[in-house]
Amino acid sequence: MNQDYILSISCPDRVGLVHDVTTFFKNHGHNIIELDQYGDRHQSRFFMRIAFTIEDSEPENLPEKQVKKMISEGGPVSPGVDDPLTSLRTFMDRLNNGTEWELHSTEARVRTAIFVTKESHCLLDILSRSIDGELNVNIPVIISNHEQLRYIADRFEIPFEYIPMNKENKAVTEARQLELLEKHQVDLVILAKYMQILSPKFIQAYRNQIINIHHSFLPAFPGSRPYHSAYYRGVKIIGATSHFVTEELDAGPIIEQDVIRIRHSDSIEDLKRKGKEVEKNVLSRAIWNYTNRRILAYGNKTIIL
Amino acid sequence: MNQDYILSISCPDRVGLVHDVTTFFKNHGHNIIELDQYGDRHQSRFFMRIAFTIEDSEPENLPEKQVKKMISEGGPVSPGVDDPLTSLRTFMDRLNNGTEWELHSTEARVRTAIFVTKESHCLLDILSRSIDGELNVNIPVIISNHEQLRYIADRFEIPFEYIPMNKENKAVTEARQLELLEKHQVDLVILAKYMQILSPKFIQAYRNQIINIHHSFLPAFPGSRPYHSAYYRGVKIIGATSHFVTEELDAGPIIEQDVIRIRHSDSIEDLKRKGKEVEKNVLSRAIWNYTNRRILAYGNKTIIL
Amino acid sequence: MNQDYILSISCPDRVGLVHDVTTFFKNHGHNIIELDQYGDRHQSRFFMRIAFTIEDSEPENLPEKQVKKMISEGGPVSPGVDDPLTSLRTFMDRLNNGTEWELHSTEARVRTAIFVTKESHCLLDILSRSIDGELNVNIPVIISNHEQLRYIADRFEIPFEYIPMNKENKAVTEARQLELLEKHQVDLVILAKYMQILSPKFIQAYRNQIINIHHSFLPAFPGSRPYHSAYYRGVKIIGATSHFVTEELDAGPIIEQDVIRIRHSDSIEDLKRKGKEVEKNVLSRAIWNYTNRRILAYGNKTIIL
Amino acid sequence: MNQDYILSISCPDRVGLVHDVTTFFKNHGHNIIELDQYGDRHQSRFFMRIAFTIEDSEPENLPEKQVKKMISEGGPVSPGVDDPLTSLRTFMDRLNNGTEWELHSTEARVRTAIFVTKESHCLLDILSRSIDGELNVNIPVIISNHEQLRYIADRFEIPFEYIPMNKENKAVTEARQLELLEKHQVDLVILAKYMQILSPKFIQAYRNQIINIHHSFLPAFPGSRPYHSAYYRGVKIIGATSHFVTEELDAGPIIEQDVIRIRHSDSIEDLKRKGKEVEKNVLSRAIWNYTNRRILAYGNKTIIL
């Protein structure tokens, strides 16, 4: 049976990379569906995303995690010498020093955990786009430090884990959160207006797998209460930013931004209302790009292929 | 002969202001063409802009400066007791404590000085919109600390004053600049990519009459080289901001902002190119609003009526 | 107890209207919270929206329908001669020939029926913004000609009326729909991707109370399959339009429009996905404006105050 | 001496095209600077743009026209068997049936004629961006059926050809225009608010080399007076469209579009003013893409690489 995959590559640039990769695919008879690449001259770095089909691939429907693990650990994907995934791994190992790459089956829904606090609009938008089929996610758990949004989880029949948090129990709370992520084999963590700061340990465990939505046009108005700041500064446009979470607050690689025009007559409440729409769009677009394996992060920037 | 005026009012709010002002206009038979007002609940401040006609007004074509001066200094506008402008002044004096107001004839072109350094795009856009009739300005002088753009001034037949500047002669230079503004009875100063910081003395002399264009979406990336900063930060949208100049760098009341989407493949040069378009639009829109007396500045914000 | 109202006025323009209305409010001691007006010179028509407070108003919490009815039918609102609503009615009757006006209490949630077919995104967005408190609506019924979206109505605990439709039973179906709207005292009908054409009779019964979302930037691509048309025409931007429904298809007064940029690589499916986001935003913004009584329709245009 | 070229390819799609092209470049040692491709699944068509360097190329600074002619006519580019341009031609001939391709040196400025009538804003914007170095154009002639804009041509020291036009002399006028284009070896014709319809003969002579700006968001409001139509239709957003001219009015392949939000209070004059800004941006961006050989037209669509 045929199987569709997405391969993403990030490596130091050198002459002939496109040629070498396309030669591999031609020689192995894999049909390329989509091919996009970008060479960053400044960082001398090459990025590529290939959507392709392997015919008669075995085994069918390999779980996402298993594919990645077998590939990365170098063990046999399947016993045969000519196994296509093993060949791919061998090829990637020789492509260039410092090559980072990922292979994902397009069959598997991305296992996603959503962290929330009290605001519902981003959560509702993600769940809406999920049941609509737009977002290719499987949401095994919603985690919150408050009970307010449990009723939404219930309506969408998703387990809701209430883990109260205070200054004293932060380490315990995070341990419990990480345990849940591990248990549910989570690939993507969404901070959908989760108003807490994650520890470096948490962030390192899910490097470039945690997407946050910040309700300002970063780097303007980082930190708390950006709509208040925007109001008092008298800006004419407000925005929102989705980004990967790094150890530095609101400073991770930006995935998507958008803005909306405001008027002098808009109150802080109006800014919040208008901003919510931008927030949820900007967050959901980032998730869509993630689930389609279109985001390649390098340094503090993202390449969207 | 009929004469059109624009009256703008900024005063502490109280009940009945719209009623009181419209009653004055009704009683004096002045026809209101446009009426816009806004009450800022937060600052308890009232703002109003009225475009109106005075029939058979004397004298015709009063120079802008003269109208404002006669009004502000309280002397007779014309000898008659019932003179409409004198009546207006009397009415405004009684409207409310702390009332600020301005009266402008719509006949007069706004006397405008443009300050430039080496970049031509904003200058060219202003001159283009001026000969096109879009901007109701009269430009008696272009002032620069470099010679590069003299050829543009020549092409548009506008006097070009080259005043070289260095760290030592800044006070002398500014004195010469202020002298020119005084001589040409300038109402509006445009910093069209003028890469110098004005002294507090200069700024105070033309409070809310100096418009600067900054090539970022303020408050993101103030100061120098914002496109470089935007590139390294990896933002997905860049912008520009026109604002009144205050003593604090890039922190004055914002008049207009706009943005343009960029891609990961855009170099710093691409950002500059895309940004130029936004810069000139955002600056020229601010000038249009100024010449139509639509900008009311209060505290660190602008009301656009 | 105090009561907040919104008065909207549309009448032939004449000199002194703002003065006359503000005089009425001053004389009766009603505090104006927000005042916006617009004079359309082309149509010589005046539009005004006033949000105001009546102190110690009786009776408290008058139902929306009752207020409008008492006002429009001319009967006593309450027995007293000085009753503020009766005074208002008397004043409005004398304001100008051809005056149309409405008075709404801000207490009452707007009774809203949602019509759907199979697509869920607009419905989910409205319900999400409703439970979030952004949209001040009370949704007594969701009506559909298909069963697909019943599960969403169930999750949000809103009665779902399935009324199958075919070419033969259209009149019967509409009669049943109108019966439901009457029974639930519906003030606003939302066609949230309801892919059926309403009869003139239906439209006349709810003139300027039916809001449709069309998935194109009207007047481009009216009718069916606009994303297909946009794709084949090769446009670089797509959009959506919310409008009041009139007898002519996709030609009613436009309330709100927005757009999103597309790329040559976007398929029709990509256009649908990107367009959905615009559709739901544009529809929900129209509903927000309606519930805040900010939309004044005249001829084929809307004034948003 | 090194020489930079841009190669653009449009051909029926087949497996392995990227591989084959990159193999050619690798084998010949040409360094690829930028590589972008797109496979249109719907039309089964492949598009590619490659910016590359040929080292020690002879002759230096080949005129644009000469390169294209030698390549297309199959004669020797230079006597040597291994001449890089001859090799390229041979390779392209064998790539696929129905391949269309172009090769351009990046040295040469694009020879551009501008057609105008009475409106100056687009002309001024193009000339401004040209002297600014943003647009890599050489403008040997401005052609007009009116005298109004001669003063602008004079200021920018560009020959202005006034060719009056009426219903009777259209054929003669066009003959004179084509003569001028031929004489000046024009590669690009810009209709910068040229309010005349070109004949099919003219259009065929410069297929996909004539760029028009239309002052609406096509396909909305084709033909004359789109701002009037937009005003009376009551749209909330207006736009502009730059496109290649085809035999059908306002129906050619769209290159770029953009929009600007308007308000109910905007008059037709306001629409024109706001629209002008969009028009000139949209036209100049199209020219920039053309001069950078980024536009590949196929059927009625453009691919921007």
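Lettered A, B, C and D in written order, each chain numbered from 1.
The working rule: contacts are C-beta pairs under 8 Å (C-beta built on N, C-alpha and C of every residue); 3 or more make two chains touch, one makes a residue touch a chain.
Remember, it's a predicted structure, so these values are computed and weren't measured experimentally.
Greatest Cα centroid separation from subunit D: this falls to C. Although subunit A and subunit B carry the same sequence, what matters here is overlap: shared residue numbers make up over half of all numbers found at their interface. Subunit C has its Cα centroid 38 Å from the Cα centroid of subunit A. Put simply, the C-alpha centre of subunit A and that of subunit B have 45 angstrom between them. Counting partner chains per residue, subunit B shows two or more touched chains at no residue at all.
Taken in their complex, subunit C has these residues touching subunit D: 38, 40-42, 217-221, 232-237, 239, 253-259, 263-265, 267, 300-304. Subunit A contributes residues 15-16, 18-19, 22-23, 25-26, 31-32, 34-35, 37, 39, 261 to its touches with subunit D in the complex.
Residues 120-121, 124-125, 128-129, 131-132, 134, 155-156, 273, 276-277, 281, 284, 288 of subunit C touch subunit A in their complex.
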